[in-house]
Structures are given as C-alpha cells and as structure tokens.
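Structure in structure tokens, see below.
Every chain is named by a letter (A, B, C, D and E) in the order it is written, and numbering of its residues begins at 1.
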Amino acid sequence: AGDGVGACLITKTDTNPFFVKMKEGAEAKAAELGVDLKTYAGKIDGDHETQVAAIETCIADGAKGILITASDTSSIVSAVKQARDAGMLVIALDTPLNPIDAADATFATDNFLAGELIGKWAAATLGDEAANAKIAMLDLAVSQPTVGVLRDQGFLTGFGIDVKDPGKWGDEDDPRIVGNDVTAGNEEGGRKAMENLLAKDPMINVVYTINEPAAAGAYEALKAIGREGDVLIVSVDGGCPGVANVKDGVIGATSQQYPLLMASKGIEAIAAWAKDGTKPAPTEGKNFFDTGVALVTDKPAEGVESISVAEGMDRCWG
Amino acid sequence: MQPILKARDLVKRYGRVVALDSCDFDLYPGEILAVIGDNGAGKSTLIKAISGAVTPDSGKIWLEGREVRFHSPLDGRHAGIETVYQTLAMSPALSITDNMFMGRELRKPGFLGSVLRQLDHKAMESFAREKLNELGLMTIQNINQAVETLSGGQRQGVAVARAAAFGSKVIILDEPTAALGVKESRRVLELIQDVRSRGIPIILISHNMPHVFEVADRIHVHRLGRRLCVINPKDYTMSDAVAFMTGAKEPPPEPLAA
Amino acid sequence: MSETQDYEKAAASSPSSVAVFAAHDQGAVKRIQHALHQTPWMVPAIVLAASILVFGLLLGEKFFSPFALTLILQQVQIVGILGAAQSLVILTAGIDLSVGAIMVLSSVVMGLFSFRYGLPTELAVAAGIACGTFCGFINGFLVAVMRLPPFIVTLGMWQIVLATNFLYSANETIRAQEIAEQAPLLQFFGNKIAIGGAIFTYGAIFMVLLVLFLAYVLRQTAWGRHVYAVGDDPEAAELSGVQVKRTLISVYMLSGLICAFAGWALIGRIGSVSPTSGQLGNIESITAVVIGGISLFGGRGSIMGMLFGALIVGVFSLGLRLLGADAQWTYLLIGVLIIAAVTVDQWIRKVSV
Amino acid sequence: MSETQDYEKAAASSPSSVAVFAAHDQGAVKRIQHALHQTPWMVPAIVLAASILVFGLLLGEKFFSPFALTLILQQVQIVGILGAAQSLVILTAGIDLSVGAIMVLSSVVMGLFSFRYGLPTELAVAAGIACGTFCGFINGFLVAVMRLPPFIVTLGMWQIVLATNFLYSANETIRAQEIAEQAPLLQFFGNKIAIGGAIFTYGAIFMVLLVLFLAYVLRQTAWGRHVYAVGDDPEAAELSGVQVKRTLISVYMLSGLICAFAGWALIGRIGSVSPTSGQLGNIESITAVVIGGISLFGGRGSIMGMLFGALIVGVFSLGLRLLGADAQWTYLLIGVLIIAAVTVDQWIRKVSV
Amino acid sequence: MQPILKARDLVKRYGRVVALDSCDFDLYPGEILAVIGDNGAGKSTLIKAISGAVTPDSGKIWLEGREVRFHSPLDGRHAGIETVYQTLAMSPALSITDNMFMGRELRKPGFLGSVLRQLDHKAMESFAREKLNELGLMTIQNINQAVETLSGGQRQGVAVARAAAFGSKVIILDEPTAALGVKESRRVLELIQDVRSRGIPIILISHNMPHVFEVADRIHVHRLGRRLCVINPKDYTMSDAVAFMTGAKEPPPEPLAA
C-alpha cells in the first residue's frame, strides 16, 4: 500500500540490543507494508548531534516520516520542527520529546513506571527488612540521560524513598542508599560499579540496575565474594537474555518493555499518514500512546502486578 | 683591561659524567678567542653555559663586569650574545628564510605590516640570499627549500650566516666550519675577521689548528672539563697546542695571567 | 699565517653566481607534481572533489543539489571550528582532547548566565568566551610552564571540564523555544542566508572565514611561523630565539577561545543548550586534522587541509546515509574510507616531489 | 705526506686511559636521583606507593586490606593487558586506537564459534586469538608497508572492527550461565586463587606475568632493541640495519595477539560474552601508558611503568569512591589526579639527573 | 682491472633541485677513493644512491660486474657495503653499545642465548669500549650513555667505529672526521689505511685537503651534481684540486680513463 513511501528510524545507538530489536521490528513491518525504511543511529548514548544530522539527511532524502528515540529530548526539538515544517510525520519512540507535543505522536513505555514497578516489588519482597535495606544504584552515565533518570527515580519512588530533584539522580540522602555508580549499561561497567560499591559496604542487599547487562555484571561481582545468593537484583528492559537471567535467579525481577511493538506501530502510522494524512491518536487518558510495561518475575509479590517468566519469555525481544 | 665576559668555577654534571669541572673563562673586548680541546672535553657545554642554553650547577658569570644569570638562551641573546650551536638549532621543516629570521622577522611597511602584521617575505628572502652569497654558498638553488633538504654543509652555512648577520655584543661559533667546503670555510674565516674589525669579540671553537692559529688572538686550551691554560699563538707552535690539549705535554707552569 | 693554507687561495677566483641546471623535462605532469608538493592542502582538496563527484554520480540530484551540498557545510561546521582549534595545537606537536568539553562548557555558561542568572545575553556570551579561553589557558600553562605532556594535560582537562559541565548545568537542557524568545543572540550562528536551494548558516560561514583567517595568520605573521617552529623542534626554536612558552600558552588560549566560539555556534546549530553535546568532538576534530594532512608530530601541514578533511568525512557520511547504508555499515564504510582517503593522499604525495 | 700535518703528531704520546673524575659529592641523595634517572619505571612506582599510602591512611582497613588491594588488581587487569599491547605500539612512535575493538571482536569470535557453530572451545579460543592477530596484522601492514599514519590506520580499524563486531554478533550477549555450563574454558581467566582475604584471579596473574615477560623481551632481546630503535628514529634505524617494516608488522601483530588474550580475560572477568564491552579500552590504555612515563613520541620508557600507571588510576578510582565521592565528582577528581600524578613524575625526573 | 663498483648516468632530482645530474662513478679494488666537492655538490646524494639509501631517478649501478638495484640500505649492506652517513644514523635515545650493534646483536652462548634469545650485554659493551679506545675517544666516561648525550665528536667517533668494526666489501665514509679532534682524526686516518691494507676499498668524502692528499689513491672531483674529473694526487697539487672543484680552473682535458 505504501509503495515508494520513505521512512526513517533514528535510534540512540544501534549497539544496545533494545534498539537493535526495535530496528528489526520496524524493518519487518516496513517490508510487509512496502515502506522504504532507512535507519540511523547515534554513535554513543547522548550523541544527539548525529541524530540531528540524520534528521537533515531524511529531509534531503524526501522521506515521509521519522521515528526517533531522542538522545536529548529537548535539543532535538529544533531539528524535529524543521522536519515537520518540511511536511514529515515525526513520531517519538520510547522517550517523549520535551515538550511532548513537539512530535506528532509518541509511542513509548513509561520508564518511570518501569522503575516504580521494580521498586515496589523489591520493597514488598523485603517486607519489614525494607527499612534496613542497603541499596546500590547502578545508573547509566554521568551525563544522566532521561531514561536513566526516570528509571532510577521511579525505582526509588516505588521503594518508598523520597526523591529530591526528580530530574536528576544521586541527590538523595536516604541512609539506605549506599551509593550511585555508573555502568555504561554493559556487563563490564556493571561489575566494576558493583565492586566499588561493595568495597564501600559489603553488606549491600538490594541492587537497582539500569538494564540487564549491567545486572549480569553486578551478579559476577557478587559471585566473586560469594554473596550472589542473598542479594536482590532488579532491572529494566525485558530482553530475552535478561528474562533468562530472571529464570536462573540472577535477577529477581525486571520490567519488560516492548520495542518491537513501538516500531511496528510507528511504521504503520507513517504508512497511514502517507496514504491519507491520518495522524495516530494517543492512548486514552494519556498524552502518548503507551506500549505498556510489565513486571517479569517468578516470585510475585503482594500488591504488585506481574507476569511469569514463561510469559515474559514469550514476549521478550532479544 | 677588564674582560667583557668572565666566568669562574663553572660546574656542570650529567649524572656520573662531569662536563664542566670548576672551569674558568675570560674573553676580552675585541679579541678572537679560540677554544680548543679533545672531543668531549666540555667545550660545547662551556659555551652553552655562557650563552644561557644550559644552567650550570654552580659558578658565576659576569658580562661587562655585572654578574648575570641566564635562564634561557633568549636571556643570553637579549644580553647581546649570539651563538651558532654545534647542533645548529634549526627547524628542519621550515625554509632557509624562516630559519634565518626566526624571532626577528621583518614586517611589511605601512598598514599591511603594522596592523595586519604581514611579513615581508620578499625582503627577507633577498636578504637571506645575499648573506648566503657572501659565504659562497652558491649551490643553494632554491632559497625557499626546507632546511632538512639542505646538505650538511649548506645547513651549517645558513646557521653561520644567521649569527654573523645579526651580530651584537659577543658572537660564539661552535665549530662553524666542520662541515664546510674549502671555499666556504675560507669565507667564514674572512667573515670572522670582518666581525672583529667591527669591534665585536668572538669565541671560536674549532678542531682545525691551522685556522685557529691563523685568526686567534689567544687560545683557551680545554681539557677534561676545565681550562688547562691560555696561550698566545705567537709564542707556541701548533704542535705545542696539540700536545697540551691531548695531555701529551704539561702546560706552561704559569697560565697567562690574561 | 702559515703557508699550509695556501691551497685554499685557489678557490678565490671561483665563479660567484648561483648554480643553475638546465630544466630538463619540466612537462605538465612534473609541474603538477611540484605544485602538489608545494601546497600540502591540495591533496585533500583533490580527494574531496573526487568523492563529491563519485557520490554525485551515484546519487544524482539528491546529492548534487545546492541544498545537499550546503547541508554538508552545515553538518561539518562544528567539527570544522573545533578542527581549527585542534590544528593549532597539533601544529605545536600537541594534541587537545578537551576541545569538545570546552565547547560544551562554554555553551552551558552562555546559557546559564542568560537564564539562571538573568544577565544580558551579550554579557553571557562574553562570559562563555572567557570561560573557554581560561580553560585553554590552564592547558597552555600546564603544557608550557609545567612541561607536562599535552595528551595527559588535555585528557585530564577533558574529564574535569566535562564533569564540571554536568555538575554545573545539573544536566538540564535549555530549550530552543525559550532561547528564541528571551536570548536570540545565543542562536546568532543559526541564522541563515538562502541563495536558491543553497542554505548558508552564519555558523558555516564563520567556519570558513575562521579557517581563512588562521591560514593567513599562520602563513603571514611572525607568530604563525613561531607556531610551526615550536612544533617542528622546540629545542631548536628556543635556541634560535622563539619564546616557546609564550607561543605555546597563546596557542592553547586561542584554541580555547575558538572552542568557545564553537560552543556558541553549537547553540545556533541545535537551537538549545544541551550539556550532553560534543562528546565526540575531540575524536572527530582530530580525524579531520589528520585526514587534512597535518602531521601529529607537529610543524607540518596546513589548516586549509583540515577544512577539506572535515568536509571529506562530511561528504562520506551524508553520501553513505543517502545511499541507505544502515548505521553500522556506515561506520564500517567510513572506517574504510578514512584509510582509503589517507592512502590516496600518501600515494599522491609519493609520486609528486 | 705533506709536512703540514706534522703538528698532529704531537698527539701521539697522549695518555690512553679513559678519563675519570673525582667522585665529588656522591651522597645518598645523589645516588637515589641517579637511580631514578636510570630506571624510568621507578617514578610511577613511587607515585603508586605514595597514593596507596595516602588512601590507606585516609581509609584505614577498608582500603588497606588484602581484599581491596587485590580488587584493584582485578579491576585493572583488562586495562593492564591492553596497556601492554598499547605500550609496544607506542614505543614504535605509533598509537593503537583499535585495541578495545580488537579485544571485543576476539571475545565475540570465541563466544560465537563455541555457541553459534558449536565448535570445541579450544578451537573457538584459537579462532579468537587468530582473529585478533589478523586485525593486528592489517594494522601493521598499513602502517609499515603502505606508510600510513598509525593514528589514522587504527582509527579506521577501530570503526571497522567495532562495526564488524556488532554486525557479526547481532548485538547478542551470551550469558554467563550458559558459558559456565557448556564452555567453561572461556571463563578460564576468571578462576581465582584466594590467599587469606587476597583474591588473585588468573586474569590478574596473567597481566603481571605478561608485563614481566614483555619487559624481559624488550630489554634483553635484539627484537626488543629494534622496537626502541624504530620508535626513536625510523630513518636512522633503517640506515643502521634494522628491518623496520618487519619490526613494525611484528609489533602490531603482537599487539593484536595480546588484545585477543585481553578478550579472553574479559570473558573471565564479566562472565559473559558481550559485544558492547571495551568501548573505553583505547583511551584507558593510552592513559595508563602515558602516566607510566612512556613517551608518545616513541622510543622512550618502560613497560613496567605502564603497569604502575594502570594501577595508579585503579587506586584513585577505588579510593575516591570509598571516600564517598559520587560518580561525577570521582570523574572530576580523577581528571585532577591524572594531571597531578604526571606533575609529580615530571618533578621527580627534574630533580634527578 | 674491472671496477668493483661502477655507476653510470645517475640522476636524482628533488623538485626543482638537481642533486645528481648524469653522474658517473668508479671504484677499483683495494683503493682509497676520495670524493671532493663544494657544499651541496651532490657528494652525499651520490654515495646514498650507491649504498641504497636513496633510489636514483635513473642510471645504473654495477657491483663486481653484476648490475644491482638496491631498494633499501639493508640491501646495500647485505651486498657488503658499509656506510657512515653524514647524519650518522644513530638512535639518539639508545646507548652507545645498542647503536654499535644495531641489527647484528650478540647473543649469550648456550641456552640463554639460543632459546631465551638473551643478549650478551657484557660482551657487546667490552667490544664497544675497545673500539672506542682504538679511536682514542678516551673522554667517553660511561659506555652506557645514550647517544644523544654525547658531544658532536664523540657521536661521530662511535659511527666510524661501527663501520670500521664490521667492515666488509666496500666501506663508505661521508666526512668521517668533520667533528673530530686532532688526535681522533689522526686515528681515523690510520684506521682507513689499516682497512685498505686488509684489501677493502674505501670511499672517503672529505673537505680536508691535506687528509685527502695524504691517504687517497685517486680523487674524484664532484661539481654541480656530476663527476668533473678524476685526478691522481701525485700529479696535481692541492691548489689544483681546489681550483677544479670550485670552478676556478678548467679540469684536465681528458679525465683519467681509470
């Protein structure tokens, strides 16, 4: 139906499996609908200049629409405006732009909610012990990209800790937090950050991680000192290796997201826009289209809705 | 007569190697002082200590009766000491002209020069060409060649031309004719005498005894890091000088008081 | 005077004109080769022209339009400006890993002085420029006076400046709309002149003018010659009367100043003030410099070459993207093409003498 | 023979023993200074000892325990191994920006050969090592035979290898649990020896042995001397009979080989095979090399210094975290301390002759 | 008699500069051939073309009657040509010993050497010391000094000692005594005659006429990139030689056939 329709997918990076899967989802849908899809990505997390260049390329290329997961949700706005002025449909995926109406539509997970779910689960699992928890916070990067901040603050809120400035992690002074460290979202960084925090306080018993690779690294560090059995690790993402790690008991619970869904919905929307100019509508009651998030664990906790690992496996994306 | 340049008890040590061992030095106004000595005797170190390129571990230096302390070769240069170092001190990738005028470039007259600070390449090139011709370096075909593409002798010629052209209070020449051809060496000797006749004293380090005995007024014999003696070329033969400096013969009992 | 020197007299009557050789085969080819050798920036210029041609043939209109070609200019403007700063430092045989960080910090200072403290925009811009220059001064002081290796100094400064930037800005972006309303001067370099389909932003024009200006300064002023001499052989430069320390400090300060301007231009380019920008600034600017034929060992090369180097990368990036290569393939091909560009450069240099 | 040369005869009876000077003030201080000058790695060793001492005093038990100290060893093992590869290249006046990428690709090859193709683990490891060595060979070939600048060659290779890595691995991680079950050999370097509270992983032991081995080779074999000569002045080395090309190629190949071992050690350290690791490998290894006192201009320095350099950074990172500095402040302070470490190094070198 | 080394019509051009202009060259077995000429005449370029350090633009070279084509100095060296270049070709940061044995290091005997490939530092050091003593370089106090810390003359001495020690088919010396002292120069001349008496021919470039006339069997006069003439030192005076090479006088009508 969409013959000759050009579309662009611009992700933060294309090294993170999350975005790789998003791209695969988009490509599959594009092939199905006959949309001509080109994909772009920043070089590293936070690299919004390459994203700006990618938008400009799409304009030069005469594409009909852009799907973008913005590295810097405000900085990209000028470039997005240029694209929309050139008659393109711009859809923000995964993270809303700032302001949210800078894009024609937003298909996203609620990252804050994702964090909140694991925070609640951890608090419920610990029960009364939650008051004496020793928490390690393994974040993404010192540049504090929005996703990392939302997940971190969501977790703390869910756990029952007051966040100070909701736009920033690391400013809380609750004694239960042993410390924050950065992981770059991979195993190596996860292990080192965990080691650093363990050296600070070897009795840590709750570990929040930005994503599952970081969690796997943290697990290795715990294993090295024989404490892998008595620490609760929680994470966000829901990739297949991550869910498998939940199954193996490496991770206690993880919040699962649905990048494939975001991407395929996005491609459909562009195809529809190219056909008759319809714009996608947001989810009822929200200002964006929520692709949903679910807590995956085999140890459900009271008062927190969750799905089983088997279910999670069915719906995982990497 | 007071020495224009005087040094006492200079010491310079490199790890276990002693390059200057309580060395004294005197240069009198208007004279050509030759410094001779074995390889590694410490001649270059001595003149570097005087010109400011090396800071001695101890010892004192007086210029025109005032004690001086140079922290960089630029200090020495500002005090009026112009030096041709044995290593020549040229920027290999830059052109002959650039090297000759390094640190004292000519600017174009008028607005271009004073406001736009534009260099007067033409003037510098023709000046450089003239100085090289004076030295008989006729084989330099391209005045804008990079110095690294010059032959060994041509390079040395450029360094000598630079020092002579911008001569001031004292000129120091460390083996200026080592790599030069017969004709070019001859010209350098003439140049040295020329400069002396302008009243500027010269320190000449050389291993070429005939040249030394031809132009020097006094000869400072350097051995094992110190001044062994100072001789008058009229009183001694070349053989004597060589014997002193290599240690084959004892120096005259009482070094010339001046 | 001993008779032994008599033979030297024989040279007295030798000819005294400069040696000349018959110009044997000065054909067109030889002349071109000689020209290539004399003007180091011509080689990257040729590579650039060739790559524009190739992509033009492959992509036709889409690439070979005034719009796309000036788009490249816009996309390389930041790298080009940073590359100018980087070139100066590399010519002194240094390297500046902190250019990107200084740029971002300067832009953040401009933004926060306007918005957090409510100062007049002119003052905020001046503060940002002062901040960049000051960072450059610290680099220069450590390199010239403390004699620390530039790599380490600027590596340290990179981390320090970047961390300061995050701490000071509290990781907050100032949005384009607010800037456009309250402090449009910050977006000055984002203004554009459109001629037909061609769009020239002030930032791109600034980049070109800056490079031309620096090329003039390096070639035509004493200071410029000193920069080359210091990079070539600092000891020789010192011995032949260059104030090495002063020259080095001035170069790093100028580099910081240019980075601050890059920060201002960055606001113009992305509209907003974002503390997460510029993380790749150092590696990209160094790439441009090296593809442009400036030696990392100092003292050799021309800043014009850097501009062509930056444009070569820009042409490849845009061309490959338009050809539809996906991101990883683009990186892979750009890797290949960086090597290829320098191989061609090296080859042309070799056949020319 | 003309009589003119007669004066030269006077030198005939000169003394023929080597000149000696009275050893004036060879006090303890002088002797220490001399020792510092002779053994370039002693300076970073002193800085390291001093920083351990300072953090030990500030933090007491927490830091000055066998556990924490061996933890540092574990944390620097990857950087240390990469640093060994980097040192070799930098000694030849080159630079290798691709070390991290080669490491990751090698580890991915080991993982995928075991899991995707189901080959025996020994074979997979061999394939990974061959892959790393081959990447090194390409670097070496381009640098030595095509005479391209190492910075550009390895910059290009960095992008190429990294992109290949992502394309080939499809960004998929192989989980630690699976490796432990099916191919435990891949985690070989993760095994440990515990002595009291001290934990020595095989990877950390390998790093130390590797550095000692290379120190021996560089100091005691002809090849090692040639590496220094090539870095010092390649033209002079060529003229005095060193096979410059062959030496360069062997250095880059060895560097690739060591990177492949780093990849293997990486699997041991993080348990899994992850294509996103090692992105900072190049900058961190270069930092270690430079703090360790090896000159980026080649030919000077010792590989032992690199090891101490890596440890200095490790000590600072852990020490600062334990002191309670948060991540951003740690970043900033490490920047400061890198500069400080090199300042101290420079200062010690200056007072010693 | 056939020349051991023969070259015809060598041309080497650097941009607009012509360094070799259809130059011919002949070296006969067992002779000392001196090459003299102005600075920048192209002497160093000539011997570099012969030793393989520079590839001529055109022209041919024969070694012992066979045509050879060297692509690197190592080729020349393997063919038996040992050269002291004017720039000395030393690695500044390495020690004297390292430099002398570069590319031909000695290994320890037995297991240490053959398997562990350990160098025999002791043996190399004592060999180096011995060779330097033979040259009279007694001021080198520390044999493990880096070459960059040596005085200009000491450095040249080390280079000459290296070439002489490893002498083979042809030895080329480009201004070997330029920076040397009186005693050290003398020793080098003796060494040259020594080497000749071992039957190895020598090419000696020098600006020192007395030295040239003392040791040379034939003199190749180089001017403006080509061989002007070859003279026998017994038939001409130094003044003649200087006059030829500087262009003050026409060369003998018929160059010596050989």
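Some observations on this one:
Everything below uses one rule, namely that a contact is a pair of C-beta atoms (placed from the backbone, for glycine too) under 8 Å apart; a residue touches a chain by one contact, two chains touch by 3 or more.
What you see is a predicted model, and the numbers here were worked out from it, not measured in a lab.
The chains in contact with chain B as well as with chain C are D, E.
Ranking every chain by how far its Cα centroid lies from the centroid of chain E, the top place goes to A. The chain with its Cα centre farthest from the Cα centre of chain B is A. In terms of their C-alpha centroids, the spacing between chain A and chain D amounts to 36 Å.
Separation between the centroids of chain D and chain E, computed from CA atoms only, is 40 Å. Chain B and chain D, compared by their mean Cα positions, are separated by 45 Å.
Counting partner chains per residue, chain A has residues 14, 44, 142 touching two or more of them. Each of residues 14-16, 18, 40, 87, 138-141, 182-183, 185, 209-210, 224, 242, 246 in chain B touches at least two other chains. Shown for chain C are the residues that touch two or more other chains, namely 2, 4, 7-8, 11-12, 14-15, 19, 21, 162-163, 166, 328, 331. If you check each pair of chains against the touch rule, the ones that pass are A-C, A-D, B-C, B-D, B-E, C-D, C-E, D-E. The residues of chain D lying in touch with chain B in their complex are 4, 6-15, 19, 21, 34, 37, 353.
Within the complex, the chain D residues that touch chain E are 1-2, 4-5, 7-8, 11-12, 14-21, 220-223, 225-226, 228-229, 232-233, 235-243, 299-300.
Residues 2, 4, 142, 146-149, 151-153, 155-160, 162-164, 166-167, 283, 286-287, 290-291, 295-297, 328-329, 331-332, 334-336, 338-339, 342-343, 346 of chain C are the ones that touch chain D when the two sit in their complex.
Contact residues on chain A toward chain D in their complex (touch as defined above): 14-17, 20, 44, 139, 142, 170, 179-182, 184-188, 190-192, 195-197, 199-200, 213, 216-217, 219-220, 223-224, 241, 244-245, 248, 250, 318. Interface residues of chain E, counted against chain D in their complex, comprise 53, 72-74, 77, 83, 85, 87-94, 98-99, 102-105, 107, 116-119, 133, 136, 138-141, 162, 182-183, 185-186, 210-211, 213-214.
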